[in-house]
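First chain A sits with chain B, and in the next complex the same chain sits with chain C.
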Partner chain A sequence: MLTQIYYNIRMTLRSTGVVIWCFAFPLIMATIFMTMFAGMQSNQSTHTIKLGVVEDTGWQDATGLRTLLEELAYPSDAEDEVPLLALTGYADRAAAEAGVRAGAVDTALVIDANGTEHLLVAPSDAGSTDQAIVQTILDRYLQGEELAGALAKHDPAARANAEARAALAENLSGEQAATAELSVLREPPSELSRFYYALLGYSCIMCSTIAQTLIDRTRIAATPEGSRRQVGALSPARQLAAALVASWLIVMTSMMLAVAYFYVVAGISFGGRVWLTPVACGACALVSCALGAFVGALPGTQAGVKDALITIATLALSLPAGLFGTPALEVANWLSQHMPLAQLLNPAVQATEAMLSLTFYDSLAPFASACGALLAIAALLGAGALIFMRRQRYVCA
Partner chain B sequence: MSVLKIAVRLVAEHRVLFAVYVLLFSVVGSFAAGSLGPVSTTYEAVRPGVAIIDRDESAVSRALASHIAAVSELVEIEDSTRALQEAAAKNYADYVLVIPAGYGEELVAAARAGLDAPDLECVVSYTSANGSLMDERVRGYAQELYAIAAASPAAHAEDLVKLVDASQDTGVAVEIIDTETPGLPVTYLVYCQFALYALFGGVAAIVGIGLADLRTPEVRQRIGATPVPSAAFDTQIAGAIALCGIAVWSINAVVGIALYADELACVPVALTALMLVILFALMLVGMAFGFLIWQLGVRRELVHAIANISAIIISFLAGTWVPLANMSAEVLAVARFAPGLWAVSAMEMLVRATSVTGELVTSVLGHAGIVVLFALAIAAAGLAVGRARRAIA
Partner chain C sequence: MAIVSVRQLVKRYGDLVALDHFDLTVERGEVFGLLGPNGCGKTTAINCMLSLLTYDKGTIELFGEPMGPARYDLKRRIGIVPQQVAVFNELTVEENIDAFCSLYVADRTRRRTLVDRAIAFVGLGDFRRFRPQKLSGGLLRRLNIACGIAHEPELIFFDEPTVAVDPQSRNAILSGILALVDAGATVVYTSHYMEEVEQICGRIMIMDRGRAVAEGTVGELKGMIGIGEKIVVEVTDLPEAALDAVRYLPATVSASYRGRELHVACAQGESHLAAVLEVLASFGVAPVRVYSEPPTLNDVFLEITGNELRDHGAGDERPAGR
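Showing the complex of A and B:
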């Protein structure tokens, strides 16, 4: 049996398809993620919004607003701090409109002859977050003026006092009411790590092609090799066991290789619990073998169809795990919140979930339940494969 | 013409590849575009996903919560560590606001004593600037309450809230710049960006797989023995490859125009035509790459791998999946040496344009020209490989 395992492994690793899709592809994708997002984490919260201003008399007259915006554009206190705004001056409204339309600035501010502020946005990107941030800053300033006016009406005597007016203005633009960011996770979350974990989910499904090929090679009437092997001396059960052990070992190696690459090269820390990753990978590899056996056992399907089935399963199951970019992550979130059962039965999602809970959650219970779900899926698929294989053997005999 | 006919028949036998690479990827592109939602003609500020956990339940906290709810999409999150952790790790909301117990009273008291108000707690998402936007809105509202509380020492919390809420309608007017004609819809831009995959990887895979049979030694030997000069053979193969490319380009273009017919109808035809020119240039790169793969004599099962992986890399480097603005300078420098960046930047120019000017046409055609140069370079490499292989043979 050891010889069988050894040759099964050698045979599999000679197939270029397996080497590319099960071993090289996750590493290539990880490298792409790594280089593509290298600059991303740093510019998330601290980026500068490009605001155009029409520098006409209206702008010169709006002293309060101008001071506020200039302070935001050229912060005096911290030199290394990234300013929130970058101001670009335009001579008139037409020039500002051209600048906005060409994308030179995110939005532009015009103060008309009546002293009313207008923000100009381009039709092609109306409603961006950066525009909303500028809008919020301006709104807050205008609301401050409005509030001061309302208070003056309310209590004219007190508002006549210059000192009280100054105190109000100072409070309105002050920073006394602040927010503090909570850190609820073991380490800061990042979109990036979810892509890496989704890659492991992908591997888990894609690698089932290994088990499928190896098992088919032991089954009578499934492949010519299978028929030949079945007349050999080794019992069918031991052949099947050898195929399963060999494919489990290969899948496990593929996944651990990916984990090692993520950990060492991509700098994914797994929340300092990298020693627990083999548990999840082992469970994933089991699912992989069971899925391969199941697809291989489907009665009346040809090899090409089985290949296509596995490819489709890989793409379809990896999507809810969030492999294909941010929109896929949104689909994944929607499913987790509205159709938890579909996510529970999806091995790619559970593989991602296991790594995610390992990294971010304090308690290991979610990790254990994800691994449990993986084992249950493996058991289900394995049982299905067994039923089909028995029936088919009965028919063939 | 016999070789051309055979080549076309061989490709036609693999028509399922057209369905998978061209139709499927075109549909994926339209789904990605659909996630953007319809383009509106009026400005609406973004409404980030926000979850509010109110542990205070005072007049102030309720007012803050309803103010935030009015400018965002509310997401339900339970008040437990596990739920908060899950929400943060999976980014269920851009911003989670936790109002601590006793916040309302303490804010008013602090304002009247001239002290700093207690902190509101928040969990800010890792994606986009939406989290920072919500933080700005929350702090803005709380600060207004603080200032008003300090200025009216005797007023009840309810009255303070009323005053502040009354001022919330005041704000800057946001105007969408008027244009005589609308530009290309952004949804169509996303569709075209995704078309890059089909036009590059799809064409390469179809050419690589479809014509693989013409490279088997037996077929080569027989063709070598026929009275077809090798130049004529090469030309006919080039013709077959060109037909594949044009077929893929036309399918993609027709699907795109059919999907966005309504929006495109009111856009100057020249803009759509220029977009199709860019896509055509991209298709030429795919064709050249397919030719290179074919010349290299790559094995059939490897063609898929090579076409897909290179299409993924090219799409990434073009900023199709992650905006180029989010990439580091080093990656941008590398992206300049890939065709996708030039094509996508020309597409963006087109979407920003609202009328066809000579300047626009020259710069778009200039970018498309650079893309064509990439195609020429790859095709030249293919020719060189073919020559080298023939010399060895």
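Showing the complex of A and C:
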């Protein structure tokens, strides 16, 4: 039986189709994802906003605002941090306006004689994100000032001296005044990693063609080689086992290669539990073998039809796993809400869920549940395959 | 001792009786030819003998013991060379032979020796590392044979092993089969090529409609039919009266004149060539060329099984419920 397993593996790995679809394809897709997502991430990166300031008496008098902007332009607590602002000083409003029009700065701040702040923007560049950010900083500052003023009205002692003013400023801007972010997930949620996990599900279904082919090659009249094998002195059960073990090993290897590529090259962390991924891959590989056996055992079906069935199953089952972008994710969410059983019985969804729960949940229960669902699907398909196999026997008369 | 003993075998596909109380005995060391038109039940009989197919009635014994699907001890002693080349395209010649041999022989060291012997036997030594796609039709057939005989079986079924091969390869295959028999194997051979069956088979059975309709040596089979020698006389012209006179000879079974050749089929018995020539001389017909030949196995086959076409519609492949 070991020799049969060995030759099953050998002949499968020499099949160009298997190498391309089951080994190269997930890696190629992951590389494409990396390229696409790298573009999206670079769009989200921060950069320094060029802010012009008119350094007149208004600027000199606005101590609080000046301190805030200088702190944002020259951060003292993080040397390698990219500063949010780059300040450029102008002697008067006209020079600042010229600078804005020339594009030397994104926007410029003028504080008039009444202490009112004004932002200068070029007509051609009005409403940019950078201007909105500066606007938000100013708004936040002014709200703080207003709040401090209101407090002082009620409690004049709050701004009575420098010490009291410092304490008030500390209370208004300190950490206790901010909203703290707490996460119930092990890792910050990332929509991008979902695509990689869905790709694993897709790959698992696609690989079922391996089991289907190997099983066809052990069955009477499915292929000439199958008929010849059945004349041999090795029992059909052992030949079937050899085909399933070989296909499980190949699918497992293919999935682990993909996981390794995602982990090492694409930087997918698997929640620091990459050591548990073989469990999920093993369960996925079982489903793959069982599905291949089921399709391979379908009565009265030509090999070409079986190939087509697996391709259709791969695409149809991967859709609700969210592999094909936002519309697919919406379909997946709708199905999860309205047809949870369909999602539970979908191996591509369960493969994705297993990886997602491994990554994001503290508890391993959801992961175990997804793996359990995969094993149950494998058992169902395997039982179906056995029933079909026992009922058929084809020979030439 | 009979290596194969089939008694009163009945196999039905619904209303169709594929094997109708079929009997077969093959003795050790013989090459037994199984002939019959398409759909006559040859392959069904072989599949039943190999336990690839269940049957409705009868008994099958191989090597003196009842054959069954789980008789792996008996299967280990059997080899099959199917009509269709059944090898793995992804494996080399050597790997293919080893893969099939491993179904019978677990010991790797012994298998290596057997594979080497099989490769040498079929003359594929120069192609050990070739994959089947790189082999010609004749070499493929030889690989097909090597995969069936590598485990050195005592009983080998050859199912039309020479289909679509050139005369040189065919001769090599037939010589190989005889060499296997010399080495102690028993062979059951099916083919539609009568001349090669005549060449290698000691005994022959002709099947038709699931039954054995004739069995014996080549000579015995030829003796069973009404036709004896066939006389061909090449003449420049043949008067109708001369043709009629030949037809009226007592030993004439049939006579026809086509393409300047007079064909006379005679009844079994002595040569009737002199009588035919005498009739022609009486009509002043001078033969240009004359020859006479004994009946062939093909004549026997056609006389026994008839001339009508046997392939119906989609052919003879059909599924069978176990």
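The rule is simple: the second predicted complex is superposed on the first by the 250 of 397 C-alpha atoms of A that agree within 3 Å, B and C clash if a C-alpha of one lies under 4 Å from a C-alpha of the other, contacts with A are read in each partner's own complex, and residues count from 1 in each chain.
Criterion: a contact is a pair of C-beta atoms (placed from the backbone, for glycine too) under 8 Å apart; a residue touches a chain by one contact, two chains touch by 3 or more.
Keep in mind that what you see is a predicted model, and the values were worked out from it rather than measured.
Legend: residue contacts after superposition of the two complexes on their common chain; A:36 is shown touching chain B, with no touch to chain C.
Set against each other, chain B and chain C differ in how many residues of chain A they touch, and the higher count belongs to B. Touch criterion met: A:227 reaches chain C, while chain B stays clear of it. When the two structures are aligned on the shared chain, A:312 is found in touch with neither chain B nor chain C.
In the superposition on chain A, A:138 contacts chain B only, with no contact to chain C.
Of the two partner chains, chain C is the only one touched by A:4; chain B is not. By the document's definition of touching, of the two partners only chain C reaches A:235; chain B does not.
Note: no residue of chain A belongs to the chain B contact set and to the chain C contact set alike, using the contact criterion stated above.
Remark: chain B residues 31-32, 35, 39-41, 43-46, 48, 81-82, 84-86, 88-92, 97-98, 107, 110-111, 115-117, 119-124, 126-133, 135-140, 142-148, 150-152, 163-164, 166-168, 170-177, 179, 182-183, 186, 299, 301-302, 305, 309, 312-313, 316, 321-322, 326-331, 334, 348, 351-352, 354 touch chain A in the complex. For chain A in complex with chain B, the touching residues are 16-17, 20-21, 25, 28-29, 32, 35-41, 43-45, 47, 97, 100-103, 107, 109, 116-133, 135-140, 142-147, 150-151, 154-155, 158, 164, 167-168, 171-172, 174-182, 184-185, 188-191, 194, 325-327, 329-330, 332-333, 336-337, 356, 359-363, 366. Against chain A, in their complex, chain C makes its touches with residues 13, 18, 39, 41, 43-44, 47, 50, 52-54, 70, 72-73, 75-76, 78, 80, 82, 84-88, 90-91, 95, 98-100, 102-104, 106, 108, 147-148, 316-322.
For chain A in complex with chain C, the touching residues are 3-4, 7, 10-12, 14-15, 217, 220, 223-225, 227-235, 300, 391-397.
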